[in-house]
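Some notes on the structure that comes next.
Chain lettering (A, B and C) follows the sequence in which the chains are written, and residue indices restart at 1 in each chain.
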Amino acid sequence: MSLLEIENLSAGYGPEVDVLHGISLDLNEGELLAVVGPNGAGKTTLLRTVSGVLHPSSGRITLKEKDITNYGPEEIIKMGLSFVPQDQHIFPSLTVKENLEMGAYTLKGDQGERMEEIFSIFPQLQSRLGQQAGSMSGGQQQMVAVGRGLMIQPEILLLDEPTAGLQPSLVKMMLDKVREINKLGVSVLLVAQTLEALELSERAYLLSAGEIVLSGKTEELIEEDKVQDLYFGSSRTEEGEGR
Amino acid sequence: MLSYLISYVIMASTYGVAALALNIQWGFTGLMNFGIGAFYIIGAYTSAILTTPQSAEYVGGFGLPFIVGLIGAAAVSAFVAYLLAFPALRLKGGFFAISMLVISETIRIIVKNEGWLTNGVWGIRGIPKPVRAIVGSDISEYIYLAIALVLLGGVYWLVERGVRSPWGRVLSAIKEDSDTAAMSGKDVWHYKMQSMVFGAAVMGVAGSLYAHYTGFISPESFTPLMATFIVWLMILLGGTGNNKGVVLGAFVVWGVWIGSEFLIDFLPSAMVTKAGFVRMLLMGILLDAILLLRPQGLFGKEKEISTIGD
Amino acid sequence: MADLFVNGIILGSIITLGAIGVTLIADILNFFNFAHGDMFSFGAYMTLFFLGIFPNWGTFPGLTFGPAMIVAALLAMGITAAFALFFDRILFKPLRERGASSLFLALSALGVAFIFRSIIRLVWGPQVQYYSRALQMAKRFPMGITIKPDEFFIVGAAFFLVLVVYLFLKRTKMGKAMRAASDNETLARVTGIDTEKVVIWTWIIAVSLTAAAGILYGIEVQLRPIMGWNILIPIFVAVIVGGVGNLWGALVGGMIIGVAQELLTGVLQNMFNAMNVDVLMSAYKPAVAFVLMIIVLLVRPEGIFGTGE
């Protein structure tokens, strides 16, 4: 039984305006799974639905063999699933320390120990604890966002394009951190924007126009035309549905 | 009995005109005017000042006929609305609502304090009913009833025409989504201004109707409850955006008001003053009940645009 | 002039307490609470009620009230907050869940305002009331400033309450959760913050403060059923001038409006008197606040501390 199972999920932002149509996907324990696809395919919608922010219109989501389809985000995080959105991912008027504290909101007691663990992954945060998160650079905010997501020691981490908007030098650093986090035992569902991000994973899904179009081992998927199109332009396919 | 009925119909018609005014601004254009009472007061006092005989206590004494008072009321209210449109309409939703509330209160303060203009707290007496001098007070009451109904009908017709015209459709688009309407090239501000001016003019007419009926006005006649809040209750009950509905809402709410007055008369006198505030309590509860249970009112559209206005 | 300034500070601190509540509610609950003024009144009148049933425990040295006032005030603040929570449960929450716009919520708050006001009128009647008939000698200070001992307490109490709220928001877990929810509600839910609890605490803090403001006003001036409605306008203006959703803005805005109202009406009054024009400027204080608001909205619509999010 997989850790996270999504069966035939449809979801969207209004009545009869579904963005996802019958998605099925599973995440195994310890895996680093990538979801790729063109803009507007529904990758963010998928993460928002799994994390409980959006309610699905049909289908089922099972976490650790429990049906969480209609759970709200407050309940899902208590089950060990943590979501780091792509933007609006920090509390700008709170300090770094306070952002991290909010990450551990559902836990009791002092989180000093946990914060030390976060610092071992993101040492740059330690010196900036009192700084207002909104005044930090994009890369630093990203670290705060991911750090916040890790505070509850999640079993599953949903990461939406963690390298978006980062300078190239920081992209590699962030991806190394994602690998590090996975090696620590956290199962990761990564919405991957870049080829390097995709290559972190062993398995991947290609999402397009709200449907799973391809799935399988990453090293095989990368060879597929449709996936190549995402990163290298659409000159090589006949039915150029990519970008 | 008959005189109670006449009184009821005249006052309900007056408020019917007021409800149509608010319907233009909020029901059709989405302007949440929490201070529409301002134009009611302005209309009433303008009409009073224009038509009352000479007095040492305040400016006035023009002694002009009722019709001049009526037109003057509409004109002055419209003009004030026009001036206010410049600052006020640039404000969004909640800010506009607050501003109109403040304006309305400020106007009440002016009326209360500038005795040279309005005779302050002593009010203006002797506002004439048309033709009363000729036919005596009883018949003039019937004539006034006719006038009130004719005005209500006339305003209703005018507003219906306006709303079903291309102009009205633009207002409707603005209420649905101000941004989209702006993008399609319409000068949103101008339409809002026209709606505000039109609504103010109609409200001024209502004020004039009120003043000439009661014959005496003072700042106390125009509390936020009686000049603004009760009109909101009427259009919400009747169904915003529906002209027939809001007029009916006016008649129903006023009926409840008058009806409760009847019941109050049976109470021991010690409780009579309090009873007025039981009515205020009921009005507040009724407003919230409507918003909660039936926001589209009796006759409004099922798809009540409760998300409009932001 | 200096005395007007000091009076402005005293009234400003009362306005500030109201403004903090309005700005919190506008930020976290997303609407302008038109019932805030009548909750102000209700707090004052509930205190009157409790003072009426408590035995006489004497007064503090130099002040017109004693321990009974403190106990009565705390009880009144609690009860007013409880009423607000009641209205949230039966009215605002269902409307919120239905997706009602902030204007609809504001309109419903207007209904609640009339409910509070009519209850006050029915129970206590129209006459002006006082907590204490004792007259106080004002102490004289340089520059023509006079301050009554009660007024020191009022400003002190206001700042004390502001400090308590500040510490609550800055140091406690719920306070941080409230600030987080105000920054980004969706993310707050994602981190597991119970937004319903945040709503409850928002009401508790906002309404307790406004009830306290009403009590302080009652000590300074008097109690009248319309007292809260009259102060609603300066409170809204203070919030807008300071920047909606910003607590520093509420503090600074409140003080600015308080001082501006006193100073401007005082100065204009002197001017009109000298010109032999008969105008009662003190009645126009709300108008002064309003003009300030319009200026701010035209020049810097997000307010002094606002970020224009």
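One rule holds in what follows: a contact is a pair of C-beta atoms (placed from the backbone, for glycine too) under 8 Å apart; a residue touches a chain by one contact, two chains touch by 3 or more.
This structure is a prediction, so every number in the text was calculated from the model and none was measured.
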item	value
Chain closest to the assembly centre - both centres taken as Cα means	C
Interface with the most contact pairs, given as the two chains involved	B-C
Centre distance in Å when chain A and chain B are each reduced to the mean of their C-alpha atoms	56
Inter-centroid spacing, chain C versus chain B (mean Cα positions, whole Å)	30
Centre distance in Å when chain A and chain C are each reduced to the mean of their C-alpha atoms	44
Of all residues in chain B, those that touch chain C in their complex	32, 34, 87, 90-91, 93-95, 97-99, 101-103, 105-106, 109, 112-114, 116, 224-225, 229, 232, 273-274, 277-278, 280-281, 283-285, 287-288, 291-292, 295, 306-310
Contact set on chain A toward chain C in their complex	51-53, 72-74, 77-78, 83, 85, 88-94, 98, 101-103, 105-106, 148, 152
Chain A contact footprint on chain C (complex, rising order)	173, 176-177, 179-180, 182-184, 186-195
Of all residues in chain C, those that touch chain B in their complex	26, 31-32, 34, 90-91, 94-95, 98-104, 106-108, 110-115, 117-119, 121-122, 125-126, 229, 233, 236-237, 240, 278-280, 283-284, 286-287, 289-290, 293-294, 297-298
